[in-house]
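Chain naming follows the written order as A, B and C, and within any one chain the residues start at number 1.
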Amino acid sequence: MNKKVFLGALTVAGLAAGASAAATLDDVKARGSLKCGSNEGLAGFAAPDANGVWQGFDVSLCRAIAAAVLGDAQAVEFVPLTSQTRFTALAAGEVDVLIRNSTWTFSRDTDLKLDFKGVNYYDGQGFMVRSDIGVSSAKELDGTTVCIQTGTTTELNLADYFRVNNISYEPVPVATNAEGQQQYLAGACDVYTTDISGLAATRATFENASEHVILPEVVSKEPLGPAVRHGDSEWGDIVGWTLSALIAAEEYGVTSANVSELSANPTANPEINRLLGTEGELGAMIGLDKDWAARAIAAVGNYGEVFERNIGEATPIGLARGLNAQWTDGGLLYAAPFR
Amino acid sequence: MSTQNTHPVAYVRREMLDPAAPPPGQTGVIRWMRENLVSSWFNAILTFVALYVIWYVLSGILPWTLNGIWNATSLNDCRAIRDARGLESAACWAVINERWLQILFGFYPTDDPLLARLFHGEALAAAGGVDTVFNGGLNATQRIEFVSAMKNQTSNGLILFFGYWRPMLALLLLVVAVAPVLYSSLPRSMLLFSLAYPFVAFFLLWGGSVWLPVLVALGLVACILIGRTLASRFGMLGGTLGGLLAFLLIFMNPLSFLGITGVFPLLPTVQGVFDSILPWGLAAVSSDQFGGFMLAIIIGTSGIVLSLPLGIALALGRQSSMPLIQWVCVAFIEVIRGVPLIVWLFTASLLLNYFLPPGTSFDLLLRVIIMVTLFASAYLAEVVRGGLAALPNGQYEAANSLGLDYWKSMRLIILPQALKISIPGIVNTFIGLFKDTTLVVFIGLRDPLGLTNAIRATSEWNGIYWELYIFVGLLFFTFCFFMSRYSMYLEQRLRTDHR
Amino acid sequence: MAEATDPPRESFRLSQLLYDARYRSMTIQVVAAILIMLLLVELVDNTVTNLAALGKDIRFGFLWSTAGYDINQQLIPFTSQDTHARAAVVGILNTLVVAVLGCILATIIGVLAGVLRLSSNWLVARIMTFYVEAMRNTPLLIWILIVFAVMTEATPQPRDFREGGSASLILWDSVAISNRGVYIPRPIWAEGSMLVVAVFILSVIGIFILRNVARKRQQDTGQILPVFRLSLALFFLPTLLAYFVMGRPVTLEMPELGGFNFAGGIQIRNSFIALWLALSLYTSAFIAEIVRSGILAVSKGQTEAAFALGIQPNRTMQLIILPQALRVIIPPLISQYLNLTKNSSLAIAVGYMDVRSTLGGITINQTGRELEGMLLLGIFYLITSLIISSAMNFYNSSVKLKER
């Protein structure tokens, strides 16, 4: 085949990225780094600091996966993707995993040939308005101008919600969160709508945050989660179970502080032992060694630590756990058993 | 007649008077103002309006600019300082002060070991020396902590010259490489360096083994030499085929369809040998890490340079007497020029991988460079066509009457002249392309505008934009302005008609 | 006495295909055709294989499914329940509107700037030079972003128009400039208004006839009619007359502040204005240069010759300079129009819903049909630019100097 010949030449030239065949795990290991599709910039979820080091909630999951697979939480290349290019980039093999507050929907999971591997943040679409316009419910938004990020599910939810409730509105499409924030603050739109986490993150950075309120209505379900290519189940398992490990760690009280101690010797709790690899061979079942989960937890902490550090109530973003609490605390986080 | 002057006439003055001073309104500044500003009522009104416009614009911009705050850690900090100084409006240049390196270079890695050795020898020694810190002793997290702490203590100016010496050197050499093309007074032997420059730049920017670019260059030279030797012995056909065969053997594996691998291509084998003997090289940088203004320069420059051969071929093809060739070239040029660059970029980002053999995938930067090259080649073809059309017919006829064949007449007579008069057009195409590189932000590459988005996404600088737009705009303006001045100067010099 | 004979007929040899100039071009073309066919087959084959590997196919059925999203600026009615195809049409119309209006405004500003750059007023000429250089040497995208930021930051919000607010409507309370757009009065066509419109159209036709008559008369007899004043009168008087005779059938609906926004009137959205202005300003700098060089290209001898013939300055401009300058100006001007049309695809930066944002943006994103969507998008732009460039070729051939 002639094309293989051509390919050979370019691989030689050192510029061709690895083939996007089935075995993503092998690719990642061979490359020595994880390519993680991330947001171009969303405060609290993914943004680079002055030294170019990425920080955030979604970023931490990428780092946890890198720690589990490669043993190095910093061995991640962040590929910023726009809302319009993200799924194609994943399908084309430009990234190994997409963790870019993407909503798990039926058509994305099936028609776009992606596999969502769990939920790292349960979100919902909400509305933010100025408190002085005297609106207390989304039903009163008739005739408003609404800023909305294009290329997202929010666009469709908004159209549905306002049509069903027979409310007229004027959409102002914006490309990025930063632009939407600028438009909203300048008063070019009355309402800014996106996922509530995004609204809270945006509101947190306002000069006068108290002048803006987030309306109580949540008009959609937005389970945000990591996505991988359809058809590579082994890699999907690794991504999914790394997330589960972080969630389970919080449930069992494993933190980045005590994980080294707990994983040194078997403890009384067999779940913790299987999770941290002191009992059983769970790591080998997904093609990793037995310390994989311990490394991930040591690198970024358990789910609760990641949450509190990046978007929790102590941070400027100030999100409450809400739906994202453990099932034991009335939330939706419910990791499948490590067995 | 002089003799007539010998008769003194009473009413004829014998000696010259000193010229009288011109009337006060006709000299110096006043005259200049009269002629240039208030030569008529209409002109006076225009002047007045112009002065008002200038005052209006400057009174809005200057206080904001000059009162700007240069030292702050976040936008809120800036606002606090502004209020403390009692200013109504003030630019927050602190964001530029903190992030200008990022806007210039994106997340291109700095040469940390060099920085550490030069400026933080003690800290480095305390951490265990270069080998411990950078070559495996510390894990990535500790290393990043060390580097962050080190960079926070180093001034941005030092980082610019020592941390980013690779892109800076590449830029400097670019100037050297382009100079002989642009200034014909320089020695022609410098053109050899221009030819070698792409390989040098590749090595500097992407790093990796030094043998790769060296061997690729040598391989290409070898192909040409083999082709020439064979051509002198077996004629043109033999030469071409021989050159092609050499190319195939060196760069590709012509036996792969038989299932035989490992022997060919020769290049990686030879490189492996050299690497094991002399493992020289620089730290490899992947394309994902390229960004900022540097990215714009890389895309723009490589787009123009790579598209030159293709553009010339298309221009010649468009003039060809063979209908099929002509038709194909016209179709290619029109299709490329008829569709906006942003659509092509989305094609590069969304579709290009579909057109390539299954299993191949280039990284985004390379795809964008491929697309931009195709795009620029269509525009260059039109520029070169203009140059070809500007040559008088006599040149073609003279070449024919000397008995030169098509390629020789093109190479020796037509193209040198046509390309020379096309240079201003090529420079203008480059300026256009360079400005258009900002569009890559829409497909997620981190060009300067993309970085402004990333900077605005951090909680410190959320909500800032004027300062960033102005900085990025000025960067582009400076670059493009001098390029366009140069192209105008060139046009002036090449203009041989006297009007 | 020698007898003339035909040269011996050579039999055709295979090497002639390569070394005989008569056959060589044929050989090259055949080889090229084969190579191009192979390349195309390879591309199509790759695409089909790659799509199949992803479980996709090439179908255009998605165009007829429900779009599900709303579009703010719609020249034809559109709701979220309409199809993707209709959304594409809405986008195409939006692209065409901004392109046409952009071309018009860019020409006006460009001609003005080009002429003023040649002004004898030093200050004005310098300002215009600065304007042209600043516009030409900074990327269009940055201009779009800056104009958009100015539009949203420097103009008042609708709520500032309330009682006690800082802003007010201009032009006798008929136009509101806010950071959501400019609201202008909407004409309401009552009974009898069609007659007014008909009269207006007739008088425009009348103006054209008048100009033709005047030109013919000048060529035949040398007499010059005051065309400008007559046309001006013809433009306004009959229409006004009909308007008042019919009892003022056309009224204006003024924009008024409603609950959150202005109600009534026509809203010209900010995204549109920002894109329109930025495109026009940017392109006008290039047009200014074209106009300037066009005027400079007409040799001074032409003006002097006209003056020597005793032709007045303004008629010299009209009859001698302009026709020659236009020959130089129009072809690059049209290619600037082409550029402007293509650049309108930067609408993405301000959220203006042009065809790239609807068909090439949201539709592709919601359906995952990037190949089909990009193909349709490319075809649309290609057709548009082919139409514009064939207009240019038509003009070029009609004004071509007839060489002997």
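In this text, a residue touches a chain if its C-beta (ideal position, glycine included) is under 8 Å from a C-beta of that chain, and two chains touch if they have at least 3 such contacts.
Every value quoted in this text rests on a predicted model; they were computed, and no experiment measured them.
Look at the CA centroids: the one farthest from the centroid of chain C belongs to A. With centres computed from CA atoms alone, B is the chain lying nearest the middle of all the protein shown. Counting C-beta pairs in contact, the pair that comes out ahead of the other among A-C and B-C is B-C. Look at where the CA atoms of chain A average out and do the same for chain B: the two points lie 37 Å apart. Centre-to-centre spacing of chain A and chain C amounts to 43 Å, using the average Cα coordinate of each chain. Measuring from the averaged C-alpha position of chain B to that of chain C gives a distance of 30 Å.
With touch defined as above, residues shared between interfaces to two or more other chains in chain B number as follows: 350, 353, 356-357, 442, 465. For chain A, residues that reach two or more other chains under the stated contact definition are 3, 84, 88, 175, 182.
Within chain C, residues 46, 149, 348-349, 364, 370 each touch two or more of the remaining chains.
Of all the residues in chain B, the ones that touch chain A in their complex are 76, 79, 98-99, 102, 106-107, 139-141, 143-144, 147-148, 151, 206, 208, 212, 216, 248, 251-254, 256-257, 265, 267-268, 271, 284, 286-289, 349-350, 353, 356-357, 359-364, 366, 442-444, 446, 450, 453-459, 462-463, 465. Residue ranges on chain C touching chain B, taken from their complex, read 18, 25, 28-29, 32-33, 36, 43, 46-47, 49-51, 53, 119-124, 127, 133-134, 136-142, 145-146, 149, 299, 342-343, 345-346, 348-349, 356, 360, 364, 370-371, 374, 377-378, 381-382, 384-386, 389.
Residues 42, 46, 54-56, 68-72, 79-81, 149, 152-153, 157-159, 179-180, 258-261, 263, 270-271, 348-349, 351, 353, 357, 361-362, 364-366, 368, 370 of chain C touch chain A in their complex. By the touch rule above, chain B contacts chain C in their complex via residues 35-37, 39, 43, 46-47, 50-51, 53-54, 237, 321-325, 328, 334-335, 337-343, 346-347, 350-351, 353-358, 431, 435-436, 438-439, 441-442, 449, 465-466, 469, 472-473, 476-477, 480-481, 484, 499. Across the interface of their complex, chain B is touched by residues 1-10, 12-21, 35, 39-44, 46-53, 72-75, 77, 79-82, 84-85, 88-89, 92-94, 175-178, 181-182, 185, 202, 204-207, 299, 316-317 of chain A.
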